[in-house]
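You will see two complexes here that share subunit A, one where it goes with subunit B and one where it goes with subunit C.
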Partner chain A sequence: MMRWLDQCRRAKHRSAGGQAQIKPACRMKGGIALSAMSSITPVSDAASATIIAIEPSAIIILPLLDYYHQELTPMVIPGQTVTAGMPVASGILSTVDGTVTAIEGRAVAHASGRTAVCVVIEDHSLAEDDTNAALAIEEQHDSNKLSRQSITPNGSLTATSVSTSTRLTLGNIQAAAIHGLGGAGFSTVKKLSDFADKPIQTLIINAVECEPLLSCDVALMVSDAVRILDGIRLLVEMLACNHCVIAIEDNRIAAIQSMETALKKLQDKQGSFVANIKLQLIPPVYPSGAERMLVQIITGMDICPPNRPANQGVLCLNVATAHAAWLAANHQPMLTRVVTIAGPKAAQPCNVRVKFGTPIRHVLEQTGNLPTDTAVRIRVGGPFSGYNLLDTEAAITATCNCLTLDAASAHPTAEPCIRCGACNEVCPVELLPQQLLWHARAEDLAGLDQFNLDQCIKCGCCDWVCPSSIPLTDYFRFAQSVKQTREYRIAQAKLAEQRFQQRQARQTARKQKRKLDIDRRKAELRNRAAGKTTATPDHADQHPTTANGTKAPAGTATLADSTSAQSSSDIPPPADSISDTLARIKRQRSSQANNKK
Partner chain B sequence: MNDILVALLIFALAAAAMGYVLGWLADTPHTGDQQAALVDTVNALLPQTQCAQCGYPGCRPYAEAIINGVAAINRCPPGGDQTIIALAELLGREFQPLDATVYAEKPPLVARIVEAHCIGCTLCIDACPVDAIAGAAKLMHTVIAADCTGCELCLPPCPVDCIELEPVVDNWSGWSWPKPA
Partner chain C sequence: MSQLDLSLANLPQRSVRAIMLQVMLALIPGTVLYAILINPVVLINITSAILIAMLLEATAVALRRRPVKSVLSDGTVVLAAWLLALSVPPMLPLWQLMIGVLAMVLLGKQLYGGLGNNPFNPAMVGYAVLMVSFPVTMTGWLSPVSGWTQALPELSLTDLISIKTTLAGLADSELAPHWDALTRATPLTDIRTQSARDSVALANERRYDNLVFISLWPWISIAWLCGGLYLLLRKIISWHIPLSVLLSLALLHALQDFGSASAQLAVAPAVLSGAAILGAFFIATDPVTAATSQRGRLIYGAGIGTLMFVIREFSAYPEGLAFAILIMNAAVPTIDRLVMPRCSNRL
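Our next item is the complex of A and B:
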C-alpha cells in the first residue's frame, strides 16, 4: 500500500514537474532497490525536512588524523587561545572560540575504537554567558522538548537573502578546509588540485544519499537550496566545465521540489548560465550514491580505481560540499555538518547541524536520542556500510554523516556458504563475492588479486542478501588490510635492503679510496726521497752527464707518478745518513774525474 | 628364459639411468641465471633487517647459503614462522621450527638512543647496517625510527650502553581489521 502511494506521488510529481527529465545514461548493475528493504524505514519527510540546532558542547575534540589516518602535527599548544576557523593542524580548523586545554589521546570515531592524539578545546562562548546557557538548558529540561529552532544552516549565518558572491578560488576552498561531506572525507582541495591541469567537462553533484536511511543531504536541499545552487554555480565557473548534473533519487520529493524552485529562481536571474545545470532523477537503488556508481549511472563510464573520474573529465562532488563551497566563497570556513540520527531505536529521528569535534554523546543527549539501555547499538554511518561506535565520547568528524541506533542483537551465526550466487547478482562492481570469500578466509593474496578485491567498494550489498548470514564485507575489509600490511612490510624491507646496499657500496668505495690514498702517499714519499738523492749531486755538480737518466725533478714529482717512481727505482736507494750520501758523491766525482781523463 | 632376464635387466638399467637423470635435473637449478633468480626470490622473502643473527653477514648471503644447501631455512629470527613457512613452500622443504640455537623470535623492535647518556662516539653509526642512525662526532646521535629494523647490531659497540630496544609503536596505519569469527 505504502509503495503504491509512493509510486503515485512520484508519478504526480513527474507530471507536475514540467521540466523534461533526461534519462540516466546507464542503469547500475546489481545493487538493492529501496522497495526490497522492508526493514529500513527512512526518517519521515517532515523530520527530514528540518535541520535542528543544538546547544554547543562545552568541549570540542579535534582528532589530529588525516584522510589516510596519518597523524598530523599540531599547530597550537595547550593554553593557547583559538578562534573559530583558526587551523589547529594542516587541514583541521578549530570550530569554536576557546582555549586549547590539552593535546592528548582521546577516543575517535573509528571502527577500531582506538585513541588518537586530539586537540581538546574549551568553548569560551559557554563560559562567558554561563548563566544564560544554564538557563537555556534548564528551560529545555522544563519543557522536556527538543528545541526545534528555525533552520539556520550555519550558526554564524543570519542573512536571509543570499548575496551572490562573485568568485570561488582554490585558495578559498583551502582556507575553508573543505573535506568531502559525502562520507569518505577526502580533501576537496586535493581532489581539485590533483586535476587542476585536466579539463573537467561534467560536474556531477551527488545529491543521492549514500544509504537509504540517511536524509542529511535531503534536509540541506530542502532548507538551503538557493545557497547550494549558488555554490554549484561558483564551482561550475571555477572549473569552467561544460555542464553540471545534479543527481537526486526520485523518491526524495521534498528535495526535488526545493531544488527545482531554486533552479527556476536562479534561471530568472541569469538565464543563459543555468541552462548548463540540470537535475537528474535516478531510481532509488543502493549504492547509487557511491562516486563510482553515480559516475557510471550519469555518464555510462565505469571508471575503475586507480583511475579516477577526473581523468575522464568528470568530477563528482557532494551536495553538502557545494554548500560548503558557497560558504568558502563568502569567506566562511567549513565548521559544521548535518548529521542524520535514525534507526529503529532512535527516540527522535532527526537531522541536526553539528560542529565538528562535538562529542557524539552530546549530540545524542541534546536531541533526546541517548540510549538508556545497553541493548541499543550506535553505529556511525548507515546500516550497510557503517561501523559500531565503541565510545560515545568520540567526536563528530566530516565523515560522520549518520548515527544509526539499532538493537544490539548479535549477528546471526554464519552458516556455510551454499553457493547460491545471490551475492554475485547484487555486487554493483561485478565482483564474485563468494569466490573472494574463500581466498579471504585463506588469506590467499594471489587469489584475491585474481578476483579483483581492490575494486570492492565495501557497500555491504552481499551481506544483505546472503541467506547464510556470512559477514562477507567484514572478510573483505580484513583481507584488504592483510594485503596492505603485507605490502607495507615488503616495501619497508625493500627500502632497508636498498639502504644496506648503498651503505655497502659506499664502504667499498671508501676502502678503495683509502687504499689509493695510501699508495699515493707511499709513492710521494718515495719520490721525495728519490728527488732528494738526485737533487744533491745536481746542485753540487753542474756537469751535464749527471742529469742523464737519473735526474728526477725534485718537488715536481706528482703524487700519481707512482709508476714512474717505481721505474726510477734503479737509482740509488734513499740515503740513510748524510755521511753515506757524501761518500757516494765522492765516489761519483772520482769516477767522473777518471772518465775525463 | 635368458631372453626374459636380459630384457628385464635392460629395462631396469634404463629406468635407473633415466630416474637418476631426472632426479639430477629436478634437484637443483644448474645454470647461473636460474640460481641467481632463485636467490632473488628467497631474498625477497627475508625481512631485510640485515641483522646477521642467522650467522651470515646480511640477508642476501643467507639466501645464497640456503640455495647452496649450506644453511637451514629456520635461522631467521626476525622473520619468524611466517618466513620459514614461505621458504618451505617455495623450496619444497620440510617446515622446521625456528632454530633455538640462533635467537628467540621477538616482536618487531626499534632502537632508541638515551640522548642524555650519548657521548657522540659514532660507533653505532658505523655498526648500523641500514643507515638508520643520524649524528656526528661529539654530537648527540638519534635513531630514525622509521628506518630502524631492530637488528640490535648497534648494541654491542656502544661504550656507554645508551641504546635501548623498544617494541614498535603501533601506529594507525598498522591497524588492521580483525578476521570475522
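Our next item is the complex of A and C:
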C-alpha cells in the first residue's frame, strides 16, 4: 500500500513537468529500498523542512582531530581571546567569540568513545557584563573581515541578496575551512586540490540524504535553495566543468520542488551558462548517498579506493558543502551545520542549526530531546551507519549529521551466522560479508584481503538484514583497525630495519675509514721511522734488518705493498697496535730472507 | 514535525527462529499428506526424533557451557530432526532412528561447534550413518498399494507401532507372511531393475503395484513443492539451489531417455518421486552448509542434481540425495573461493 502510494506520488511529480531527469545512468547493486520499508519512509513535505535555532552553548569544544583522526597542533594557547572564524588549528576554526579556557583531553563523538585533545572556548557573547572582553572582540571584529560577517545563530545570513559578482577560489574555501558536510567530513580543499592537474568534467552535488532517517539536506534545500544553487554555480565556474548533476532522491518532493524553482530562477538570471546544471532524481535506495555509490549511479563508474573520483574527472560534493561554498565566496567561514534529531525516542524531532563544538547534551536539551530515561540510546548518524554515543558531553563536528534516539535494547544479542547470504544480497559493493566475518573473527588478514575488506564502505546494510543480528559492520571496522595497526607495525619495523641497516653501513664505513687512516698513519710512521733510522741509529735494535741501509727501501716497499693489498680487499684486518704490525713485518722479512737463502 | 518520528521498532527484522518456523510451516502440508497417504507412523517418527534431538542438543550445549535456552529456541535442531524423520522409511525401527538422531546432533552438528560451524548437513549426516549401518531396514519401504490400510489390511495402527518398537522392525515380525507388502527398495530402483529381475508374471503384478505406488508419491512431492514455493515467496530461500538441483536432475534424466530407446523412467516421475523435491527445497537449501553466493549456489545445486542422477543410475544405492548433498557440502569451501565476486570493472 505504502509502495503504491509512493509510486503514485512519484508519478504525479513526473507528470507535473519538472525539469528533473528521472532515470539515472546506472543502478546501484544491493542496498535497501526505502519504499519497501514503509515505517522508515522519510519526510517529504515542507513541514519537516524548517531549521530551528537554539541558544548558543556557554562552552565550545573543538576536537583537534583531522579526517584521519590524527591529532593536530593547536595554534592558540589557554587564556587567548579568539573570534569566530579564527583558526585554532589547521583547518579548524573557532565558532564563537570567546576565550580559550583549556586545551585538554575531552570525550569526542567517536564509535570507541575515545578522548582527544580539544580546544575549549568559553563564549563571550553570553557573558554580557564583561564589557572589556566585548570591546576587545569588537576591535578584533573590525580587523578581521572574515569573522565580521559571521552567521547569526539561526543561520540566516547578514547578506540578503545573492550577488553575482562574487567569485569562489580555493583560497576562499581554505579560509572558510570547508569540510564535507555529508557523513565523512573529508576536507574539501584536499578534495579539490589533490588532483588539481586533472580537469573535472562532472560535478555531482550529493543532495541524497546519507540515511533514510535524515532530513538535514532536505531542510537546507527547502529553506535556502537559491544560495545552494548560487554556490553550485560558483563551484562550476571555479572548476570549469562541463556538467553538473544535482542528485536527489525522488521521494523528497519538497526539496525537488524547491530546487527546481531555484534552478529556474537562476537560469532566468544567468541564461545559458547554467544550462548544464541539471537535477537528477534517483530511486530512494540506501546507501545511494554514499559518494562511491552516487558516482556509480550517476556516471556508471565504480571508483573504489585508493582511487578517487577526482582522478577520473568526477567530483562529488554534498549539497550542504555547496551552501558552505557560497558562504565562503562571501567571506563567511563554515561554523555551523544542520543536524537532524530523530528516532522513535526523540520527543521533538527536528532539524536544528548547530555551531561546531556545541556539546551534544546542549543540543538535545535546547531542542527538548534530552532523554530522561536511561533506556534511550543516542546514536550519532542514522540507524544504519551511526554509532552509539557514549558521552553526551562530546561536541558536534562536521560529520554529525544526525542524532538518533532509540530504545537501548534495540539490538538483540548476536546468534551464530547461518550463512543465509542475506548480507551479500544487500551489499552495495558486492562483498561477501558472511565470508569476511569468518576471517575477521580469526583476524586472518590474508583472508580479509582476499575478500576485499578494503572495499567495505561500512554502510551497515548487512547488519540490518542479518537474521542472526550479528554486528557485521562493527567486525569489519575492528578488522580494518587491526589491519591498519598491523600494517603500521610492519611499516615501523621496516623503517627500523632500514635504520639499522643504514647504521650498520655507516659503522662499517667508519671502521674502514679508520682502518685506512691507521694504515696510512702507520705507513707514514714507518717512513718517518725509516728516515729516522738512517739519521739516528738509536732505533736499530727495533729494526735489525734496516741496519743495512741498502735494504731499507725494499722494506718500505713491502710495507706499502701489504697496505695496498689490505685496503683493496674489503675484509678489515684485525685491529692491532703499531708494534704488532712492526713485529709482523719483521717476521715477513726474516721469512723472505730464509727464502732467498 | 510528527512525520519525522519514525519507528525503528517495526522494521522488517528477521531472526533465525522466524526463518526456521517458516520452513517448518512449509513442511506441514507435505507431512500431513505423507501421514494420510503413505503411513501415519511417520508422525511418531517425527515427534520422537524431535524430542530426542532436543534432549541431545540440550545435553551437548550444556556440556559445552553455552546458553541452552537460546540454542534450543532457534529451532534449527527441530527442523533437522523433522527432515531426518521424513527421509527415512517410516517403518524403520525406532531405536535405529534414534541412532540416526544421535549421529545428526552430535556428529553432524555439536562436534563442529554447533549451529553455523558444521560443514555437513546434520540431517544428511544422520541419514548417511543409518544408511551405512542398517542397509536392510533403511531400504525397506512398505508398499502402500493404495494407502497403508489396503497394503496391510489385518494390521491396525497400534500393530504398526508395536512393530516399530521391536528390535528388528518389520522384517522379523509376524508380518513375514505378508512379505509381498514390502518393497525392498524405493520405487525408483524397482522400476529400474524389474525387467531384469523378475519373471513375467511377477513383473506384471509388481508393475501394477509400482504404478499405484508412483501415483501416490507425486502427490506428496507436489505438497513439498507447494511448501517450497511458499518459502520462495517469503524469500526464506533463494531460487538458485532448488532450480539448479531439479533442472540438472531433469536434464540428465531427459538425456538418458533420449539416449536409450526404451524409456525406463520418464523425466516427470524421476523428478517427482523419491526425495528430489523435498531435498531440493528443504534439505539442500540449508544455508549453513550450502554455498553462500548466488553463483556458488547454482553450481552447488547443479552438483547435487548431477550426483543424485549418478548415484541413482550407477550405484547400489536407490536414492542419492544424502550422499549427493554431503559430497557437495565438502565442495562448498572450494566453490565459495572459486566464484568470489570479481572486481573487474572497478576503477
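The working rule: the second predicted complex is superposed on the first by the 476 of 597 C-alpha atoms of A that agree within 3 Å, B and C clash if a C-alpha of one lies under 4 Å from a C-alpha of the other, contacts with A are read in each partner's own complex, and residues count from 1 in each chain.
The working rule: a residue touches a chain if its C-beta (ideal position, glycine included) is under 8 Å from a C-beta of that chain, and two chains touch if they have at least 3 such contacts.
What you are looking at is a predicted structure, and each value in this text was computed from that prediction instead of being measured.
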| item | value |
| --- | --- |
| Joint occupancy of subunit A by subunit B and subunit C, clash or fit | fit |
| First (subunit B), second (subunit C), both or neither touched by A:Pro383 | second |
| Which of subunit B and subunit C A:Ala33 touches, first, second, both or neither | neither |
| Touched partner set for A:Ala116, first subunit B, second subunit C, both or neither | first |
| Partner contacting more residues of subunit A (subunit B vs subunit C) | C |
| Touched partner set for A:Ala196, first subunit B, second subunit C, both or neither | neither |
| Subunit B versus subunit C as contact partner of A:Ile518, first or second or both or neither | neither |
| Subunit B versus subunit C as contact partner of A:Ala505, first or second or both or neither | neither |
| First (subunit B), second (subunit C), both or neither touched by A:Ile303 | second |
| Touched partner set for A:Val482, first subunit B, second subunit C, both or neither | first |
| CA minimum distance (subunit B, subunit C), superposed complexes, angstrom | 14 |
| Overlap of subunit C and subunit B interfaces on subunit A (superposed complexes) | none |
| Subunit A contact footprint on subunit B (complex, rising order) | 43-44, 46-50, 58-60, 129-132, 147, 149, 171-180 |
| For the subunit C and subunit A complex, residues of the former touching the latter | 1-16, 18-19, 70, 74, 76, 114-117, 238, 287-288, 290, 292-294, 297, 336, 340-341, 343, 345-347 |
| Contact footprint of subunit B on subunit A as seen in their complex | 65, 68-71, 111-112, 114, 116, 414, 471, 474-475, 477-478, 480-482, 484-485, 488-490, 492-497, 499-500, 502-503 |
| Footprint of subunit C on subunit A - complex, ascending | 36-37, 39-43, 45, 47-48, 213, 215, 301-304, 307, 312, 340, 342-344, 346, 348-350, 383, 404, 406-407, 410, 412-413, 415-422, 424-425, 430-432, 434-435, 450-452, 455, 464-465, 467-469 |
